[in-house]
Amino acid sequence: MATTVEPILDNTIEDPEHRAPLVLGGLDYAGVTDKVCSVWEADKAPKVWWLVLILAISLLMMLGACIGHLLMKGVGVWGNNNPAYWGWPIVNFVFWVGIGHAGTLISAILFLFRQNWRTSINRAAEAMTIFAVICAGTFPGIHIGRVWVFYWLFPVPSEHLAMWPNFRSPLLWDVFAVGTYFTVSLLFWYMGMVPDIATYRDRAKTKIRKMVYSLLSLGWTGSARGWHRYEAAYVILAALATPLVLSVHTIVSFDFAVSQVPGWHTTIFPPYFVAGAIFSGFAMVVTLLVPARKIYGLQQLITIRHLENMNKIIMATGLMVGMAYGIEFFISWYSGVAPERFAFYNRAFGNFSWAYWIMVSCNVFIPQLFWFKFFRTNTIAMVVICIFVNIGMWFERFVITVTSLCRDFLPSSWHYFHPTGVDVMMLIGSFGLFTTLFLLFCRYLPIIAISEVKNVIPVKSDEH
Amino acid sequence: MTEKQNQETADQKLVGLLAQFEDPGSLVRACNEARESGYNKIDAYSPFPVHGIDPALGIPRTILPFFVLIIGLTGCAVGLGMQYYANAGDWSPLFPGYNFMISGKPFFSLPANIPVTFEIVILSSAIATFLGMWALNRLPRLANPLHRISRFKRVTNDKFFLLIETKDPQFKREETESQLSQWGASVVEEVNEDLTDQQLPSWLQLAGLMTALILLIPPVLIFRAEGMTSRKPRLHVVPDMDWQEKYKTQTLAPNLGDEQHPNFLFVDGRAMQEPIPGTIARGDLYTDSEYFRGIKSGTESFATISTAGVHTGLQDAAHQDDSHQDEAAKDKPAEPAKDDPAAAPEPDWVTQFPANVHVNQALLERGQRRFNIYCSVCHGYAGNGDGLVNARAMALAASGQAQWTAAKSLNDPETKKNPVGRIFDTISNGRGTMGPYKSQIPVEDRWAIVAYVRALQGTGIKPTTMTKAVEKAVAE
Amino acid sequence: MHEVQPAKITSPIVSLKDNYLRLIPISLIVAAAGIGGALLFSGFNMQRFSFAYLTGFCCLMSLCLGGLFFVIVMHLTRAGWSVTVRRIAEIIAMCTLPMFILYLPILIPLMAGSDEVYVWNQPGWSIHGDAAEKQAVLDASKYPPPIEELKSYYLNRWFFAGRMVTYFAIWGAMAWFFLSNSLKQDKTGDKNLTAKMQKHSTWMMILFAATLVFSSIDFEMSLAPFWFSTMWPVYFFSGGVLSALAAITLICLWLQRSGRVTDEITVEHYHDLGKLMFSFVIFWGYIAFSQFMLIWYANIPEETFWFAWRINPAPDGVMTGWQWFSLLLLFGHLLIPLLALMARTVRRSKNFLVYAAIYLLVMHWVDHYWIVMPQYSDIISDHVGPAAGLAMHFKPLIDIPCAIGMAGVFVALFCLIARDRPLVPLKDPRLGEALAHHNP
């Protein structure tokens, strides 16, 4: 009989001799299952859930209306102008794709590094990844102008068009990168969820639920041979997803960096974008999980230690991003190339300097608070900091995209950028889409990887 | 469930014995015991992967990684091949590739094709992993006798099970059960297969087939539409983008004021302003008269300096008034030439090819191809004035349905006397009823045609049977 | 998650014992013979020799910095598995301090005003032509060319030397901090020392990153003072960590073959080191490709020439030899190790890992040769325009002895620092975890 060790309440205390427990309150196997399933088995969803869902759906409808308006009127409804031909839609795209990096990072990279604490948070993070990529995909989708011929992006043989996509274009690489990322994340997420859906299937009370979850769980029995192949597949998918997750934001950074625009063309962009993506993605995970664990009473599974670890990663990646800002500035000076030097001077002291300093404050200065344990372990403080981080990361993409375009090589085309109401409503609306999907996920799918958490439950080892 | 266990009827078949364990440790121990006792048709079931169960059951390493590696390498080859086919190969008769010339970069250069190749490798490997894993696990399998056992529902929660199948040669109903209890099983239960629900209901099969067929219709329609040409106008989703409110070049702008106080966009009522007199657009200055006009240099009048090669605003302005008449008279055959050669003295045509035209095999071949495209329709492939258009027009003219001046035979002794400059001018600006071709044929190609015409005239090929057939048709 | 077992060191020999007294002279003789041979075969051409020497130095320097990174990051992430191999990394990291002495043959001539290696050390470097032409241009105008004036704020000999002293002091202090505390723990077994090292590893990581950024620019990027790439420090870093992992693996294998630390370093640790090497092969490829790709695609003259020298044929279409080096890097440094290290059985084979580690170290040298030596070709050859290729000056009799000599230097430094100190942390609180480490 697996007996649990005595409950520990604070697992944030460092002791090099012992690893801190990752599941608190002495939960055993059945306890974990009951805890996670209680979210789904509750007859009524919590009031907060309904409240937020209604708000989110109304925002989602606003997004839908904006897209309809855009299709009727054309892309002129945005603030995009000449020279800022990439305005908010692309900023939003890069922002959401960045957020969509944390999930696969937690599932794949932390898995390969054997970071056991990932088990409680990976499911929600993966789900968040997929929803963020959906939000991200929306923006370039509607940015192509003639949405109804979107399939021209893919190499589909066509007698009408009599031509193929240009495979040397970074924008086409984006189609492949984001498409692959979405597909692989979905497969990874779903595969990881099958054993837990089987748990839901075996606990389902109503006939409809039983049928739906039976189909989704594919008849999973948890046989040892099944687990063996499942684990092998999980390792392979993790090994595939790790370079993939790096490649996605790398390719997004190529969109900018292969050009010659000063401020866009700098070779550090690939790793710098990836670090920034992880930074914003983890911030979003913290922002979502802190209220979720509170509402659903999952504090014993998503412990303060999990949150603290995430905050440490946020701080580390924030410092990497800050270092990249520094290298960019130094090299732009060192290069001696006049447009390059002007581009960076203009960022910090030009007409968009307000955006630049918002970015630096939110991304570099504010996360420094995580040096203090209080801010790493206090849930309210960390959510506030994480929201600032996401604001900062949105502004980072804004600064890169708009500032550089508005001050390109030709001073005669210099211009300012003003967003329109549609721009603003679309950004807010995309949060509606994201939140709606996330809330539905919380209600109908296991938000914690039940079978994986059981592996890290502290048990007295009587068999060794 | 208990009654099911008791009735060993015809539609029930014993699959094996299922033993329940309370913790992973005792499951692993039981697995070891079972394997050591000689059982091999055994499997363990657990809520999570149990450490050490693989050696206990003697599970060999899965072949999945090799399968994925092969698919991944195939994906690499296919991905690179697809890009090469699409962007660098235009040799395929069906859906040929399309060569983009972009920023002077080569059509196919490996660095630029690495990202897409990489993504395709990852995508194909990931899909292979996902599907391969389920296929090796024989899943999805929705009808599993284990799912009929209510106790087994806790396998996804907190209990651990060991199944010994009846197929196992060692399997003996009573003996195996006692062994299982001995190894620490808390409960041992029979697993029975219900033979009656092996098959899907027939209506479900039919419905599934119908759905599959119906789902096939849209892709088939799309592929049909994609593979065919259509005479119907395309769907206009955004009409104001397709039909924009704008003034076309060289049209009259509408009067924005009223009759008494006309208010035009420009004073002369046009939608577009003409170039300032005496100016020449960049790239339109043709000073090499011999090359661009076929006239000996130094002998042309100033007015022709910028006009002979390409129409410019000056000349267009001069003909502005009759351009509308031209529109109306477009379908009428053969008006007398606008620039009557008799009115002006014959220019001093060059008699030798200009210095920068090198008459060689390549130029003649180029000229032959251009001649066959543009000239042969009237003048015939051999230049005897027996082209298909000419033949048809002559037949119509003979029956009074059209007016037609016969195309000249280039082998005519009079025509043969024309200097190369004049032939060039004829091609450029037309002569008699022949229209100008300077907008279709670039200068160097015109000289190539001239060279080819000269070569044709040298061969002296006489009218062929084709011409005779034409004469016959005319006679009829 | 299972309780850790009480840690016990069971190997009979855990240090070099007195063998280091024998090894130090041997390796020093190899070092002297190699470096001296290179000098001899270069015909005492100090410029040619300095470039060969700098190649070896940068190769070794990045390796030691990789070791320092390994130590810091293992403390930062509270890794348990790596405890038994950490001491070797600590010793490698400690080699950074004496590396300063090895840099003096480059630094002293630089301070004396030599521009044989770092061309920015003399005014007129941005002017094309021979010395007299440069002097004429400089005399004609009162001011130096603007790019030289700008860069002289950073690239001047006094600031350069000051930075060098700072880097080595910081690296040495950090390496000594970890090594001394770890050695102290061998005696006391105080777990608070681990907590202390973890605590200080945070800001040390920042300091390490900052010094690495500027030192990589100083060591190698400033050899081509026109050229700039923000990715450069990451590129330098990725190769360094890869070679450090290969060196750690090689040292572990050698120690175990000679009967030391036989029980503590298990096949599981080799498996993990193999995985890390595999991932850093990919990381190096990722960084190298991204850097190349962005410069190749944008094709801006200010940056492209650096790669053009290493890839393009000479203006008359003759292959100059650098293409083969570039291809060797693509296949030898990325594709071959990528495929070779992919299989699990391979990463768990000690016999294979010997060859893999030596191979990766050789490739690391090729990488730095490819970085450093074209600059020599640039200085001495009269090349045509930025897009043209450069003639190659690979002289096996100079470059290979120099590389072997540098390897000798490394062994000597390692033995000097290791002496009879234990080669595995004896009382680390996570030793048990490392000993029980098992790859799923």
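Letters are used for the chains, namely A, B and C, taken in the order the chains are written, and counting of residues starts over at 1 for each.
Simple rule for what comes next: contacts are C-beta pairs under 8 Å (C-beta built on N, C-alpha and C of every residue); 3 or more make two chains touch, one makes a residue touch a chain.
Since the structure is predicted, the reported quantities are computational estimates derived from the model, not experimental observations.
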Dominant interface by contact count, named by its two chains: A-B
Of all other chains, the one whose Cα centre sits farthest from subunit B: C
Where subunit B and subunit C are represented by their mean Cα positions, the distance between them in whole Å: 49
For subunit A paired with subunit C, centre-to-centre distance based on mean C-alpha positions, whole Å: 35
Overlap residues in subunit C, where contacts from two or more other chains coincide: 293, 297
Overlap residues in subunit A, where contacts from two or more other chains coincide: 231, 243, 254
Residues of subunit B engaged with two or more neighbouring chains: 112
Touch list for subunit C against partner subunit A, complex: 1-4, 77-78, 80-81, 146-147, 150-151, 154, 191, 194-195, 198, 202, 206, 209-210, 213, 217, 228-234, 275, 282, 286-287, 290-291, 293-295, 297-298, 300, 302, 429-430, 433, 440
Interface residues, subunit B side, partner subunit A - complex: 22-25, 28-29, 31, 43-50, 53-54, 57, 59, 61-62, 64-65, 68, 82-83, 86-87, 94-95, 97-98, 100, 102, 105, 109, 112-113, 115-116, 118-120, 122-123, 125-127, 129-130, 132-134, 136-137, 139-144, 146-147, 153-158, 226-229, 237-238, 241
Subunit B contact footprint on subunit A (complex, rising order): 1-2, 28-30, 33, 71-72, 74, 146, 148, 155-160, 162-170, 172-173, 176-177, 179-180, 183-184, 187-188, 191, 195-196, 198-199, 201-203, 214-215, 218-233, 236-237, 240-241, 243-244, 247, 251, 254, 450-452, 454-455, 462-463
List of subunit A residues in touch with subunit C within their complex: 14-19, 21-22, 112-114, 116, 231, 243, 246, 250, 254, 257-260, 265-271, 319, 323-324, 327-328, 331, 333-337, 371, 456-461, 464
Contact set on subunit B toward subunit C in their complex: 69, 103, 111-112, 114
